[in-house]
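Each of the next two complexes has subunit A plus one other chain: subunit B in the first, subunit C in the second.
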Partner chain A sequence: MAERGDPEHRVGTPVDARAQSRRRFLRQAGVIASVSAAAGWAALAPPGLPFSLRDPDGERGKPARHAVSLRKGGFAVPASAVAAGLGVARGDRIDAMVRAAVDGIGGIGRFIANGDRVLVKPNVAFERVAALGATTNPEVLVALIRLVREAGAAEVRVVDNPIEAAEACFERSGVRAAAIEAGARVYLPSPSDFDVLHTPGAQLIENWSFFHRPFVGVDKVIGVAPVKDHNLCQASMTTKNWYGLLGGRRNQFHQDIHGIITDLARMLRPTFVVLDGTRVLWRSGPTGGSLADVRPGRTLVASTDSLAADAFGWDDLLARDPGARPAYLAKAAAAGLGNPDWHAVAVKETLVG
Partner chain B sequence: MLNPSPWRHYRRRYARGEVVAGAAVLCMIAAVGLWVRWMGAHPDPALARVPLEALAGDPAKSVSRVSARAAPAGGGHGSTATETASPAARGALPGDLAPPGFTEGRPAVFDSENLYEKIDGRANYFTSRGFETLSFVSLMAAPGGAAPGTSIDLELYDMGNAENALGAYGGEKSAEVVAETHPAGLWHLDRNALYLTQGRYYLRAIASDEAEATRAALLHVKERVQAAFASQAQELPWAHRLFGQLGIAAGRIEFHREGAFSFGFASDVYSALLDDGATELWVMAAADEASARALADQFVAAFASYGETVKLGGETWVRDRYLSSLATARAQRAFVFGVRGAPTEAGGEKAILRLAAALESFPPVPPSSRGGKAASGDSSSGGGDHYDVSGDVDG
Partner chain C sequence: MADAVFRRGRDGKAYLAGFEPSPDGSPWWVRKLRITNVRVVSQAFFFGLFVFLLWTTWFSRLGGYPVSLFLELDPLVGVATAIATHTVYKWLWRGLFVLIPTLLLGRVFCNWMCPYGTLHQFVGWLFDIRANRDSIDANRYRPLFQAKYYILVVMLVMAAFGSLQIGLLDPICLLVRSFAVAFEPASDLATRGLGEALASRGVDADLSAALFAPGASHHRIFAGAWFVGAMIVVLLGMNLVIPRFFCRVLCPLGAFLGVLSRFAPWRIERDLTKCTDCDLCLKRCEGASDPQAALRKSECFVCFNCIDDCPEDALTFARAPVTVKPWIVGKVGDVKARVATLFGKPIISEVWDTEVAAPDLPRRRVIFAALFGVLAYPFVRLSKAVNDRGFSPKAIRPPGSVAEPEFLERCIKCDACIHVCPTNVLQPSTLEQGGFEGVWTPVMDFAVGFCQLNCTLCSEVCPTGAIQKTSLERKLGVGEYQAHGPIRVGTAFFDQGRCLPWAMQTPCVVCEEVCPVTPKAIGAYEETITRWDGQTVTLDKPYVRPELCIGCGICEHECPVLDSAAVYVTAIGETRSEERSLLLDRPKSV
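Our next item is the complex of A and B:
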């Protein structure tokens, strides 16, 4: 019998060559048939069966959206045994007032470290000029950003998801110009900036669309919100301010406005908040409109506890009955999210010239 | 798969130049990839800047956010809107609104399903008062015109009828403001803002400042809107005539479409604050005398939930346990009326007797303006129960 390597054999045995060719053909045909059968199964088998890729309604083809979480414990810094719970500054020089209010709760050095990336959340909800009191006073924002940068922050991001068109709200309110003037970056929302945020324990927004992109890499979060009358929840201050980070059809939460504000207190634990009482929208809120709806408050409040700041705003700046405070304060306090009894904490009040 | 030698190299060697070029291309692709990733993580917000001038935009690019269900039939009720390419997207806004020195921005129209996109948090104030549509436009300072940065936001609310428009107006007007009366409604200029009702419409024109020139522009808008909606001119609601007989200015009258005094059953109630700043007269029209009597009893019971009933001069009054003020309700013909907040019995009785005398000869109220209709979805009923004109109590 001739060997396979024998050239004479290879040349002289066409029957064997045909056999090899037939085997190769059968092998290739088998591979093609197997692949075709597998592809057919994957494409046509009902979705419940193994290896089925069938996607009759297109849902399976969507990229999976995994819920994100904010940092465990939030963005709070360790509690201080000596700092006051509320820093209150009254006067007319806004930059000095911001500094004095933050000094009251321990000074900016307690909160901001060198190289921190800081997110500042003003209220830019409406397309209104600042004088109408429906949005954060841009002068307060400028002073706050400068203070944060002085403390060594590497980057300051100014973030909100307004109700009306974001570009128009940021422009008309003066917040955009103020942020850029002070050296911050403004993040306007776009659909791809939102992720589903998982908030353990939240009743209404346990998994809800959240303006997450600006939070990536952030070390500290500061809220700065005006004092406003509110048609539904009586008052909108620092805790309600986080509403502007939600996406989706968030207006549905107005059915349980105090419930959602309680959830917001749970969702975001800030480094500290600033209650902007330089102007007080004391009626026709939250939109306002007439300058007659606004009165000068000449006050800024800083606190690590948004419930305490809000309760102070209700009692002192809106000058309303302390016995009839908005229900979310009690709900959030019952959940251990803060203490609205600001009389029980140390208050450092400074009069700025 | 069909290539029997898939890994065979047809060239065993590559030129040095080819290797260098290939490596350079790979490096470039990697650099582009890294740059895209970094820029994605650090977007430059300046790229997204939209100047205000651009927001003013082309009026032809109107934004219609009204749902198909509520889309208005034309370019406004009796309006002269002719210049926009999309009258439906302009809603009820009249044409030629911009005062000299201003230019119109992009109009937008909202209905009850998306009003929150414009005034979230405040939307409920209007939807609970019969809101139908909001037509909005900004008037921006034109180059070389009004002071740079000056703007006027026009919010024209279609409230369905004049009573609702007056109700929305009255709820936003501060007590110290005295409204002016014109044939089709009320108006006042409050520092930087103009408030006006004209038939079924309620206009808020909110300026960015209170400069004289800006206030003059607001008055221009007022004239323009009044002229455009001249066809809406009609008599003020019946209660304005009634209170007018008592010498009460129209600007003091408020209309509560539903949930008056936080009572779920109290709908279509008119009230007016008297000169003492405390006593409030109120009145509503019921379907008939029996319904009026039943409603009056219901009011007294509801007032009693805030205090205790006392007999004064043979009449039942309720003394508020917190404010010590007096309130009562009575029925006469098909009217239900009363007093709230009276500091003294004598003052309250005097006021209610004047109102009763005026009602003696007051003409009947058309069915469409009668109250007592079931108030929907109100959980704040002071009396606890909903009530309808048939006298049945819905538990």
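Our next item is the complex of A and C:
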């Protein structure tokens, strides 16, 4: 084929030149027509038709917010006619105490089935060594994970979205090492792990950013939280523990702290919770930072009702006035989310040496 | 088909194509074992090591690796900080590992070790569209290449006055900074996208944990990331205009090594009897060092491409002839006939005009550069931002930092501290916080992060002691540092006009909750009021206990008044400087 600038091309034969220019004209016309038609279709075709980009009012261009939901009815197992409402174990041998506390509410076999995927939520909010009582005792975590695995759990996930730097919190608190030692997998938050969670009936977090990735495929959820003084809501125990699953602008919740804790009780219905009273952070909470702020509690509590466990923690472990319990307990009870009146339920207390 | 994959060697056996023995019978790897291939392996190794050490510079990966190794190996960092501080900090003596080989062999660092040089060479090679003739012309020496020496002179003169500016252009500082502030956050974004794409296909890939920033619930952001990113992209792009533009024109480390290399006994030697003046040695000459004429030793990167490309085998890497005084020469042999030898090398009475040992710099220009440095020092130092009178309230230095004048003698703006910071609180300073002298030095921005109480990582990675290595005991003021008290980086203040309980009848005190010291440095007055709508509410109105506040800024970071927090930390009260203290009753600074 003759190149442009080639003498042969310039001279050519008149017929060939005409033929070529006709071909070129048709090609150009084809390109112009198809680009115009495609652009016209994309810009003008009504929304809904394939390849339409038309957005008459600017609403189409906004990002879609797909909300996820946790399973209906939560992660609770059916109520038992014989098991106690609170399992309390006191002593120093943490292994035996975890077992005794859970035995009090029906034993681990009632809660964990063979092959279950279990999510365990400790409180790892701050970068503190375990002795300072601001985070879940790693020994309790190890014992609990082992118990769950003995019951046949296929996988155990340890999950929290701390307030301080996540890796540092998991490392310093000993929770990461404990989880790995007991054969669980640790989930640290990363930006893509959060989805909008739909919680029907919640006042503040009906649709809220939630640390959802570790919940995918989970059958059972267990919370395990320390007993802590709290500057604003007076105490932080098993119900407030779920705060560590939220993302987004969660620092706004202090404007209605009891409202948010009530919503948390609504958001997550656990299989059971363990209140870790091996240490009690009785002042300077929720961060603490001095051994003087901590006293030994020698107690573990298991319950399917986090309100009962929290009320027990307030009365017995923090040893505060039962008449002045944190307002969220009454609020959540009024919403039918549990019963903080632990005296009214069966309590099975075991003394472990 | 099989013929394309297998080839029959001279011995009749079949070989994988490319692996057959050479015609002279030597095995394939002898053919491949060219010095330039060894060089490429060395470059790949050091670049890989550089990236690996950056990757390990993260909370969960630190395991005793020398994460700041390349910054410590950089002899310009060692020499310039020694000029500024009259000391050699911690591991900076490691610069000898580069300095001594340069004295012997020339600028081998530039083309064998330097990860930034490797990056430039790689980009230049990948996007090279030049014909042979153009390549030869592109690699001729230009007077523009003197610029790096003037840059070096300006920077060293300023360093002598106590203003360390080498980090603006030092290649290792520049590359660490580019990774920390621009590349890695970009990689976080890509990881997130990829992770989400995989998750939507049911693959549970924790990519963020494998790549750069695991465990961060927010993407890292950095002040001026766009500029740091644009700078490296433009500099890399300049390779398309002038090959190795940065290395030849701007690099102050290259200039420093060029000055050192004038003494190197080994260099490229051209055999005039074999050379046909074809100029093919320039085709891939990295340094533009004129191997076809009088070799410019100070420009040569010792890449050995010229030896590879010479069709006449006229070029070798050899020890230079020994020059001695004529009266000695006369006694050992006939110099003119080149038969006098010492240790096997010919002895001559003067340096051949076939090499230019020292950088080719007109003296008046050097003097001009030095005067420029002399003037630049007062200009930057008399700026308000860096002085104890008029410093920015947001010039909050990380804990362990030495006082500002000493900080500016040491900080090389490498941003290794910013890279390792687990909360993203450390940010490259802009003109606003640090003035011109402080650009890219670390400052804390509590809108982005906060200083983790039990963390001293920034002080661990700092190669120059701008952030002095600080134990946790010292940071917290416990143990043997009990009497000194904790390190304070600033003090918290309340803006009662923006605080929810103070100004808006709304409960809050997140600040008190998260305050990590004990007893808490934020307390609250309890007050029960009748709200505008008639409701009775109990408000905790927070206040600061300045004796207890360490300035960690978690209160500011967690304050729900996001855009301009109702509790905020400013630099006043920092323990590193008596001049910037706040309270009369204070422990002695360490």
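By our rule, the second predicted complex is superposed on the first by the 292 of 353 C-alpha atoms of A that agree within 3 Å, B and C clash if a C-alpha of one lies under 4 Å from a C-alpha of the other, contacts with A are read in each partner's own complex, and residues count from 1 in each chain.
FYI, a contact is a pair of C-beta atoms (placed from the backbone, for glycine too) under 8 Å apart; a residue touches a chain by one contact, two chains touch by 3 or more.
Quick caveat, the model's predicted, so the values are computed rather than measured.
If subunit A is used to align the two complexes, do subunit B and subunit C fit next to each other or clash?
Overlaying the two structures gives a clash between subunit B and subunit C.
After the superposition on A, what does A:Gln255 contact: first (subunit B), second (subunit C), both or neither?
Once the two structures are laid over each other on A, A:Gln255 reaches subunit C alone.
In the overlaid three-chain picture, which partner chain does A:Ala131 touch, first (subunit B) or second (subunit C), both, or neither?
In the superposed model, A:Ala131 contacts subunit B only, not subunit C.
May I ask you to decide whether A:Val31 touches subunit B, subunit C, both, or neither, giving the answer as first, second, both or neither?
Only subunit B is touched by A:Val31; subunit C is not.
So, A:Ile163: does it touch subunit B (first), subunit C (second), both, or neither?
It touches subunit B and subunit C both.
Please indicate which partner A:Gly91 is in contact with in the superposed arrangement: first for subunit B, second for subunit C, both, or neither.
neither
For A:Asn231, using the defined touch cut-off, is the partner it touches subunit B, subunit C, both, or neither? Pick first, second, both or neither.
So A:Asn231 meets both subunit B and subunit C here.
Would you check which partner chain A:Pro191 touches, where first means subunit B only, second means subunit C only, and both and neither mean what they say?
After superposition on chain A, A:Pro191 lies in contact with subunit C alone.
Kindly classify A:Gly107 by the partners it touches after superposition: subunit B alone (first), subunit C alone (second), both, or neither?
In the superposed model, A:Gly107 contacts neither subunit B nor subunit C.
Which listed stretch of subunit C (163-171, 199-207, 217-225 or 379-387) steric-clashes with subunit B in the superposition?
Stretch flagged for C-alpha clashes with subunit B: 199-207.
So which positions on subunit A get touched by both subunit B and subunit C?
Shared contact residues on subunit A: 126-127, 163-165, 167-168, 171-172, 188, 216, 230-232, 251, 254, 284, 286-287, 289-290.
Write out the stretch or stretches of subunit B touching subunit A in their complex.
Against subunit A, subunit B makes touches at 1-2, 4, 41, 43-46, 48-52, 55, 116-125, 138, 151, 153, 172, 174, 177, 190-193, 195, 204, 206, 208-210.
Flag every residue of subunit C that touches subunit A in the complex, lowest number first.
Per the stated touch rule, the residues are 59-60, 192, 195-196, 199, 204, 206, 208-209, 214-219, 422-423, 450, 452-455, 500, 506-510, 512-520, 524, 540, 554, 558-560, 562.
Help me check something: in the complex, which residues belonging to subunit A touch subunit B?
24, 28, 31-32, 35, 125-129, 131-132, 163-165, 167-168, 171-172, 176, 180, 185-188, 216-217, 230-232, 236, 251, 254, 283-287, 289-292
Over in the complex, which subunit A residues touch subunit C? Could you list them?
Counting only subunit A, the residues touching subunit C are 126-127, 161, 163-168, 170-172, 188-194, 213, 216, 230-232, 247, 249, 251-252, 254-257, 284, 286-290, 293.
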